[in-house]
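Chains: A, B, C and D, in written order; residue numbering restarts at 1 for each.
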Amino acid sequence: MAGNVFGQRFQITTWGESHGRAVGVVVDGLPAGLPFSDADIQKELDRRRPGQSEVSTPRSEADRVEILSGLFEGMSTGTPISMLVWNSDAKSSAYDAIKNTPRPGHADFTYLARYGMRDHRGGGRSSARETIGRVAGGALAKLLLSRFGIRISGHVLELGGIRAKTLSFEEIVENVEKTPVRCADLEAAKKMLEKVADIRQEGDSVGGVVEVIARGVPAGLGEPVFDRLDADLAKALMSIPAVKGFEIGAGFEAARLRGSEMNDPFRIEEGKITCSGNNAGGILGGISTGLDIVCRVAVKPTPSIGKLQQTVDLTSLKNAEITIKGRHDPTIPPRMVPVAESMVALVLADHMLRSGFINPRTLLE
Amino acid sequence: MAGNVFGQRFQITTWGESHGRAVGVVVDGLPAGLPFSDADIQKELDRRRPGQSEVSTPRSEADRVEILSGLFEGMSTGTPISMLVWNSDAKSSAYDAIKNTPRPGHADFTYLARYGMRDHRGGGRSSARETIGRVAGGALAKLLLSRFGIRISGHVLELGGIRAKTLSFEEIVENVEKTPVRCADLEAAKKMLEKVADIRQEGDSVGGVVEVIARGVPAGLGEPVFDRLDADLAKALMSIPAVKGFEIGAGFEAARLRGSEMNDPFRIEEGKITCSGNNAGGILGGISTGLDIVCRVAVKPTPSIGKLQQTVDLTSLKNAEITIKGRHDPTIPPRMVPVAESMVALVLADHMLRSGFINPRTLLE
Amino acid sequence: MAGNVFGQRFQITTWGESHGRAVGVVVDGLPAGLPFSDADIQKELDRRRPGQSEVSTPRSEADRVEILSGLFEGMSTGTPISMLVWNSDAKSSAYDAIKNTPRPGHADFTYLARYGMRDHRGGGRSSARETIGRVAGGALAKLLLSRFGIRISGHVLELGGIRAKTLSFEEIVENVEKTPVRCADLEAAKKMLEKVADIRQEGDSVGGVVEVIARGVPAGLGEPVFDRLDADLAKALMSIPAVKGFEIGAGFEAARLRGSEMNDPFRIEEGKITCSGNNAGGILGGISTGLDIVCRVAVKPTPSIGKLQQTVDLTSLKNAEITIKGRHDPTIPPRMVPVAESMVALVLADHMLRSGFINPRTLLE
Amino acid sequence: MAGNVFGQRFQITTWGESHGRAVGVVVDGLPAGLPFSDADIQKELDRRRPGQSEVSTPRSEADRVEILSGLFEGMSTGTPISMLVWNSDAKSSAYDAIKNTPRPGHADFTYLARYGMRDHRGGGRSSARETIGRVAGGALAKLLLSRFGIRISGHVLELGGIRAKTLSFEEIVENVEKTPVRCADLEAAKKMLEKVADIRQEGDSVGGVVEVIARGVPAGLGEPVFDRLDADLAKALMSIPAVKGFEIGAGFEAARLRGSEMNDPFRIEEGKITCSGNNAGGILGGISTGLDIVCRVAVKPTPSIGKLQQTVDLTSLKNAEITIKGRHDPTIPPRMVPVAESMVALVLADHMLRSGFINPRTLLE
């Protein structure tokens, strides 16, 4: 495939640039018979939207979704769902200054290397705006999964070096939207907010760690060998801009454990097989165990910073300097939470269909 | 796809169980005109083979590759290359004891959940033996890439808590095969060997970190959005048994840096654009920068340990105990090095073909 | 894939129902650097549009294309091109009468069998309106191919039993748009027009044969075994609504020839290898010979006819009768010509990219 | 994909050349729990094997299948099934004469155009021997489908201009193997045999038409738009060497019918919706109706003939002559029957899995 399509049976195709006319997504593979409306999509897009708080850019983008196909009398028809969001408030001229000086940490240079040209207005396809399509598609995936008892929740586990304490899934679900940093440990959240305010003052940025948990996934989901559930989750989450690392369960900590510590013992609970402990993160041999799927991503600090940086002039091929102006988030993880949840939902919906846990034709039987 | 196929244009299909008649691979997409022989494949298989040292299982498997198609007068014909390795020395009866008691940390339980049955002799498809097909396919990918100036080298960066010091690519290439732990820092390697000897004595196991570096990758490689080079590398490496985490460049450390620290400044060197620093790990916006691609995986400790573990009896659905007998590696990373290199090579060969850097029809023009 | 995506490297995803808000397409895989504008797309859509003549339905649909992404300063950027056409003039109420009585020869019944529900207004996804996306995508494929010397032209070879005489490629190109039946033999065209007028009078419909020729395809295009060029053309053309047969070169006539008649002898012409005769239709062993690619499809008569037909009542499960009202083309082949050309263009563009005849990254080198 | 893989969920990868060491197939996607043995595969391979009668080449190839993986205690495990057949009796030297003179009607020239080289011994990948993998994979697909009440039977409908009379499905099943031409109309079969004997005498060859019927396919199978069941059948059957045309139901005859003749009226029979007449060939809008799926392919005469033919010398680039020696079938359709059945079975098994009619994980629930 040409690189803008994700998934096999629950499949999204995203399109659109930050400064083009619109951005959007086509969702293919949603079975017929799922009731949904604009509001189900809008709710998730609103979580992703900038301009919500002091930790995100003050741009105000309405980001109203329009559903153009695949919906009939309030229900999915089984045919592709096309959704778009019109672009607005796009000040392209703000980008003229950087036309010839690639921004460090951005894809400006690599896009040029690949395409021999680039739309220099904003990040083009590598803009965070591309993730609108993922979140709109993910909203449908979440809705579908919820019919089968699967719930997905993400949160900011670490930001600017401040780590949240360990909380239960229900505590995370309850608290995560109470603070603009989307950290369910509200005390840590307060410190994170202060940290971000300081860093913004300095014209700098910070990174963090986002964790996503999926509860209710049946045991036996996942394909052998290459399309392991954890491998597909890794690809999905590593494809989000700014992500530099992925781990599942004990993750990198597993490299420092002994087998006797790492292995989750099996045990019988209420007549069913389960594990005591979840170092595996809900996946063994690429296939779900039935326990929570727990994965984390490392998010780099926003590359657009106000400080003076070294770069090059593409025309003269000489060293140059750059100071990026404009409105940018001082940190990415809070806004990434709904995007990361969406990617996890897309992978799970795809595998639920691939593995036959969901009838791919219709939910009406 | 059904899960045993990897890649789009350079594509491998692996097959075979640990205790079946053979294991193998079909490589599709290798252009016509690449000279190769059994020896090119065997060299890599020999690096993967167990029974080589005190850090691996004493099983001796000859693992001689047989090339069955796609080779004519010493050259690839552009048609599929089928390769197999016959199984031998398979003591299935050793596994009878564990037929009804799933091994903690293994895929025994999840395979049963998925398939409703399983071949209990060894790990079936989740056996490390499946990686023979990956290494045979990877050997061809490496050979193809070397024609285009791309070299790939992996090494053990950390084992049982012991970390190697930072070395140059050339130092790694030179030293990595000098010690059975495949750690290029020979002093650290000595400590790792001792650590593994101790842990084996205790009937336990340790994990570690494997790093793979690809040098010579042209700038502009990778697809936008979903099929980013780093996303595809993540999937490739996370699909190797026992891997629990992936990172590229600064990886999880990026979550703790500031933008002004993380961004690699661009600069002109010998008339060409490059970066000072490589926190990006050779990839920006999913597309290669031309610098070294540097990625790491977290490897969990071998789940098969000699210690008593808690499990369940599948027949009675009661709690049970298990002590795993047989010959098992006390640590996985040293033998994973060629497998991880292979997966990186497969991803790069695939993208070199997808992006048109290599003519997919023939090398003879 | 979920069934609404076509192609591997030049890939289109179509979406939209006849009576939804819009229909459209996302084109992925067009290299950067192709100059194009709305007019290039509109030109082809205008050929497909109904309401053009006495052989098509009198519905007047403006069908103005809107390009929403992937175009920057008059050139493709290498990123997805999203295009849509708003629906209008949709009299859904006209379809209420057929809600419970599936139309013979239509997909009403099979869609219900598949999805457990259906959008009964018009044909839903099986409507001819879905082909707008194919034609818009095909217009870009044609434009790309024309840069590499490939021209594609279709024409109506047979209609209502009237067969056109054999004409040269240049004669076809010159005459095909001169008559609303798109038959380049203008005398036969006149008879076809009379035939269609008669049949419309009777409330009946007729079928025909559409031929598509591609000139300028380089020798060596096509994949071995399954993705043969002719197999992919067959799939592409058989996926157009109302097509019941496909043939290449001598086609079904080949079944009645002897080997000594069928084989096209090779010969040298101007120092190059070519064939005298083209019974092969430009393809041997699934790979192009460099001669014209010539293929034909059998098109059934329009299933929507004014005559009384036998059907069933879906609610009472009793036999019933139906008389289809509304505006319908009395014959499909003339309007199918641009659709069939588009599908051929999509297959050739895909294979040109797959086989490395076109650089998939950019045309700007 | 690289062109040697077919199917999405029931997927085969074939490999091997006519004069290499072996030919084979990897079948991926067969659910766990299907009982089978070598004999199930061998039975179908024996039908495909040459040397069976006066209508096929006198080469005697044992063609014994070996199953190397995916089978445990007489049952599929859900993992890939690797099967191979060793090559033998390969007289490569017989092909030296044609090394520099491409055979008319063969892929010799186009393979050279594509790959810049070719294995001149036999047809390489375009050899009929490649179809061994298809038949072995198809045997498993048939076995799987038979569990769900689907039966597939092919027969020779026309050979050398002699047409069989119309027979019922049961008559075809009963008679088809009674005569080496695989024509169920035994009187026509006798004439065909005479025709073939004559033509062989002359050193020439004849073509024909093969029909395949699938009974018991549930209504609602097939994907909308591109992956229509008939489009996928067309691709599958057109990918068989020597096929030049495909039709479904009324096929090319549909082009000459009126709508009132072509449309199959719906009616209620035993409380269920069905059709009187099957001009549709069991598929409407790309989705199965529940009636027999009926499709036909046009098979060209064997290109290898004993008569003197015009060709070119690849070295001197001058016109040349060729007389093909060796053992060749004077007609292809009889041996194509099991191959065509296999391709139909592969498409149906794939769609049964894709559409959720078969649980892709296991048959053991």
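The rule is simple: contacts are C-beta pairs under 8 Å (C-beta built on N, C-alpha and C of every residue); 3 or more make two chains touch, one makes a residue touch a chain.
Computed from a predicted structure; not experimentally measured.
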Most distant chain from chain A, judged by the mean position of its C-alpha atoms: D
B-C or C-D, whichever has more C-beta pairs in contact: C-D
Distance from the mean Cα position of chain D to that of chain C, given in whole angstrom: 27
Between chain B and chain C, centroid-to-centroid distance (C-alpha), Å: 46
Multi-partner residues of chain A (at least 2 other chains): 1-5, 8-9, 14, 78-79, 114, 125, 220, 224, 355, 361
Residues of chain D defined as touching chain B within the complex: 1-5, 8-11, 13-17, 20-24, 26, 28-29, 32-33, 66-72, 75, 77-82, 84, 114-119, 124-125, 361-362, 364-365
Chain D contact footprint on chain A (complex, rising order): 8-9, 78-79, 220, 224, 354-356, 359-361
Chain C residues within the chain D interface of the complex: 1-6, 8, 14, 102, 104-107, 109-111, 113-115, 123, 125-126, 130, 158, 161, 199, 204-209, 219-228, 230-236, 238-239, 241, 244-268, 271, 273, 275-276, 280-281, 283-290, 298-305, 307, 309-312, 314, 317-319, 355
